[in-house]
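Written out below as structure tokens is the structure these notes cover.
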Amino acid sequence: MNWGSAAEFFAMGGYGLYVWGSFGVTFAALLIETQLARKRFADTRRLLRRELAADREALNEHASRRP
Amino acid sequence: MLQAHGLACDRGDRRLFSGVDFVVPAGEWLQVEGPNGAGKTSLLRIVAGLAGAAEGHLEWEGRPVAEARDEFHARLLYLGHAPAIKDDLSALENLQIAAAVAGRPLDEATALAALRRIGLAGREDLPSRVLSQGQKRRVALARLLCSQARLWVLDEPFVALDVAAVDQLCNILDEHLARGGLLLFTSHQAVHLAGSGGNLRLGR
Amino acid sequence: MLQAHGLACDRGDRRLFSGVDFVVPAGEWLQVEGPNGAGKTSLLRIVAGLAGAAEGHLEWEGRPVAEARDEFHARLLYLGHAPAIKDDLSALENLQIAAAVAGRPLDEATALAALRRIGLAGREDLPSRVLSQGQKRRVALARLLCSQARLWVLDEPFVALDVAAVDQLCNILDEHLARGGLLLFTSHQAVHLAGSGGNLRLGR
Amino acid sequence: MNAFIAIVRRDLLLAARRKSEVLTALFFFMIVVSLFPLGIGPETAMLRRIAPGVLWVAALLAAMLSLGRLFATDHQDGTLEQMALSPTPLAVLVSGKVLAHWLTSGLPLVLLAPVLGLQFDLSARALGVLMLSLLLGTPILSLIGAIGAALTLGVRGGGVLLSLLVLPLYIPALIFGAGAVEADVAGLGAGGHLSLLGALLALGVFFAPWAATAALRIALD
Amino acid sequence: MNAFIAIVRRDLLLAARRKSEVLTALFFFMIVVSLFPLGIGPETAMLRRIAPGVLWVAALLAAMLSLGRLFATDHQDGTLEQMALSPTPLAVLVSGKVLAHWLTSGLPLVLLAPVLGLQFDLSARALGVLMLSLLLGTPILSLIGAIGAALTLGVRGGGVLLSLLVLPLYIPALIFGAGAVEADVAGLGAGGHLSLLGALLALGVFFAPWAATAALRIALD
Amino acid sequence: MINWFKFASPASFYPLAGKLWPWFAALATAFCAAGLWISFFVAPTDFQQGEGYRIIFIHVPASWMSMFIYCVMAFWAAIGITFNTRLSGMMSAALAPTGALFAFLSLWTGALWGKPMWGAWWVWDARLTSELILFFLYLGYIALTSAIDDPRRADKAGAIVALVGVVNVPIIYFSVKWWNTLHQGASVSLTKAPSMATTMLWGMLLMALAFWMYSIAMSLYRVRAIILEREHHAGWVAELPEMQR
């Protein structure tokens, strides 16, 4: 174990800014990427569902109008 | 009322036409005819103020156009060979933005109705790039339906349209004339418009 | 003989047409008809090999075109919506250079004769930029007169032409057919060609 | 005024439609700036000396490159004719287009410049002056560029001709802009250079739309 | 082969028709090179140091600027369709166009470079190496550029996108080209750099027309 | 031979990707946890660089992944061109953003490492420069493909960029190497006592594995969205359980 205290851990021997800047941005970036991908997937799915529903409705209407 | 007095046009070292006089009273049309290269497009551009005439001048409601160009432009709608369509925008956006730039914003419902009427239902949101030749022309023509201009100057509006669209356009033109609008246009095809109008022949 | 078997075409997520079959025997014409956006241009581009078909295939003289594309191209002349005219070159230069690039150089006398016949006498040396809409189309059509191709594929060749030019073009097409040539074209106007041929309707 | 806003919004919409457009102008800037160390060699002291010049020249080229599109597409598809026929004065619409051009191609450069300045090891203070000089200078580039774009409209080979016309006119902006940063680095104070740049900008806002409009009318005739 | 010659002649004829076109590419080169002393300051020793890099970067930008036109006009007016339908393989015609592009935009740079090099106080020997490196390098720029131009065909905002695609691919040519002159100035001999440049050229002649053709077919579909 | 072409159809790859990605995500999390633990609590302080060297545990894996992903994209591009499969273009498109991200992270962490070690955020050195160019290549790919609306055209154009770019990558790498070298990669810390070198190596390897698994999970996840976007008119999409209701 390398660290005496939490403060020491965060100070990183004076390199805190650089080390945490690297790790922080890296994981923030990965997190943002996953969130963006999830949003993209959810959006497409929502759009598709709406499109399909509209299609089905149009079909039903068509069928019911026929004698 | 639109009147031309002795218009002449030079292109290169050629005089395309000279001494062209015509009168278009309110509610009437004038079809400019003539073989390819006779100078129909050149004449229409002169009328719209996009090119200068070598001789002659125009009058609008009895006043020389040169004296009140802005007023004249406010009452003019010109559609040329190029359809003024942005390839990257959808038909709906094209229509709305053209109106806003011309100083008369258009609400979405009106714009959509115009596109439907001109036969673009279902294509309102496609980028215009992918539209067919005739569909692009229709987007341009949809402007007519949203226009409040009194004078329409249309350069070969019937080109690339199918039979149904030609009929539709004729109806639109008839309505405009019935409202007391003026119409100046060119076409190589024979066109059947209601109301009265005349023909102007350019070229030998 | 040109044969199509079950051609289909997708644009975006739309199926424009499917199951299109046709036969064009030697010396006959086929007019593709349909409303704006039906897919006429798309069909002609597929036949010319400029776009791929979603389904189906073509046969030329009984052999699949895919197997002998070069041979097929050597016998094909395609004129699309865009006239393939360089604005900076004169009509004469345009004609001669297009022929040279296609691998069949053309001497000046032949080229001049073609331009005269198509009604461009006196405009052979103007830069094409200043030509009128219809004159530009004529430069493109002059290619037909110098062509040795057996299959002509023409997308709306009659657009922007005046009445005289339409007649002239009909004569040229008739001669081609009389020589045993094949013709595939689109037009929104009714066209009167001698010889026999058929119609293909696309769209609902 | 409404038409002015409409045209700015339209041009921004068009830029947004091609998401990549704004970004690519930026990356062009980045790449050009990065090319110099590759051609010249990696020595820090030297790079620091040439940094203001390189950054300004690159900004100038990036702004110029997107000028070609400024009126050309509108001309081609007939929109320009419609603008000329609109009841709003053409100069107002042209100003709108220039503003949109600056928003999409000038402003991003201003914001990116400090990051690139870091690559050349400039101090924080020098970076501040650099940003300020670009903030005053890039609108000048758009304004002068509009005149050039209008003059070369419909002229083939316009792209290259455009740069020929426009680059000499950009030289004062370049000299004062890069000069401001150099003066600051040399400890001389950048105030004089910056106020000259400001004066140029005022001049440009006043005259450029008018000149560009006149040029457009010629192209349309 | 006949078609190859025909297309080279056509493109040269088109360039000659716009007399200004070749000249403006040259002037762009000159102006960009001349901007640097303005932006950086007039110190001779420093200018000599940065000369090879600046000249090469300017050559690269000048070559790139004219790329936009390479296929765009042919695409717009339908000539490209006709080329694709010609019995001659498209790759041959594309090679012809690339050759014409080099003759009108690369070769003049090679011939002008020594004059500009003099402004930067380069020795006669260094000028010779500079010319040689440009003679080997500018065809690479045209070849790679053709791929980029074909890929961005019909894509709006293509001009800027083109530079984004093409500039990173130009970097090896830049490094070896400018490196050759620097090595010579430093007395190390430019042979190694020049032969690498030659190898790149061979690679380009072999693969670029093929890749550009593939890209053109995509644009046509 | 297994019928690989069966999985090459989007319809059958979509559910497969849906089943696979959670596993890779789980692996990524596990490797990442272990790697982070080693990086911060097992690996000892460097006697030259102090704690600052710990950036290596993301810098090196990110650099590796950025290069590796470009090669994978080029691989898919080649497959797409030779076999004309639709899926390969989608895979390239799904990989590009992640690759660009890792290239960016390599630059970012390198800059943050360079400031304390070299006294400058950036120097124009061989590796740094070639990484920057790789980043530009990614951006070029993304910009081009997103500027073309028709996805099939975009795929083909992207494939050409990926292939031409991958030919360029070694050229850049070596050319810049001849040009000069300052980034003294391997010699920085691996000259330490063997025990330390091994813990460091383990940390780096575990983080590299974590990033690798992350990239796979991410691309599988993203390719599902891309498949849906492009195939939404296909019949099988309407049959999907998540499309009911």
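Labels for the chains are A, B, C, D, E and F, by order of writing; each one numbers its residues from 1.
The definition used in the following text is that a residue touches a chain if its C-beta (ideal position, glycine included) is under 8 Å from a C-beta of that chain, and two chains touch if they have at least 3 such contacts.
Bear in mind the structure is a predicted one, so any value in this text is a computation, not a measurement.
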**OP:** Count the residue numbers both chain D and chain E use at their shared interface, divide by all numbers used there, and answer same if that is over half, different if under half.
**Re:** same
Original post:
By count of C-beta pairs in contact, what is the leading chain pair?
Top reply: D-E
Original post:
How big is the gap, in whole Å, between where the Cα atoms of chain D centre and where those of chain E centre?
Top reply: 25
**OP:** Find the geometric centre of each of chain C and chain F from their Cα atoms only, then give the gap between the two centres in Å, rounded to an integer.
**Re:** 49
**OP:** Could you grab the centroid distance between chain E and chain F? Build each centroid from C-alpha atoms only and quote it in angstrom.
**Re:** 32
Original post:
If you average the CA atoms of chain A and of chain C, how many Å lie between those two points?
Top reply: 52
**OP:** For chain F, jot down the residues that touch at least 2 other chains.
**Re:** 136, 139, 143-144, 147, 179, 232
Original post:
Touching two or more other chains, which residues of chain E qualify?
Top reply: 18, 73, 156-157, 161, 164, 167-168, 171, 175, 221
Subject >> Residues within chain A bordering two or more other chains >> reply: none
Original post:
What residues on chain F touch chain A, complex-wise?
Top reply: 40-41, 44-45, 50-52, 54-55, 58-59, 62, 97-98, 101, 104-105, 108-109, 112-113, 115-116, 214, 218, 221-222, 224-225, 228-229, 232, 237-238, 242-243, 245
Original post:
Which part of chain F faces chain D closely enough to touch in the complex?
Top reply: 120-125, 129, 132, 136, 139, 142-144, 146-147, 179-180, 182
Original post:
chain F touches which residues of chain E in the complex?
Top reply: 147, 151-152, 155-158, 161, 164-165, 167-169, 171-172, 175-176, 179, 196, 200, 207, 211, 214-215, 218-219, 221
Original post:
So in the complex, which bits of chain B are touching chain D?
Top reply: 48-52, 70, 73-74, 76, 78, 80-89, 93, 97-98, 100-103, 105
Original post:
Of all residues in chain D, which touch chain F in the complex?
Top reply: 18-20, 23-24, 27, 30-31, 34, 37-38, 41-42, 44, 47, 118-119, 121
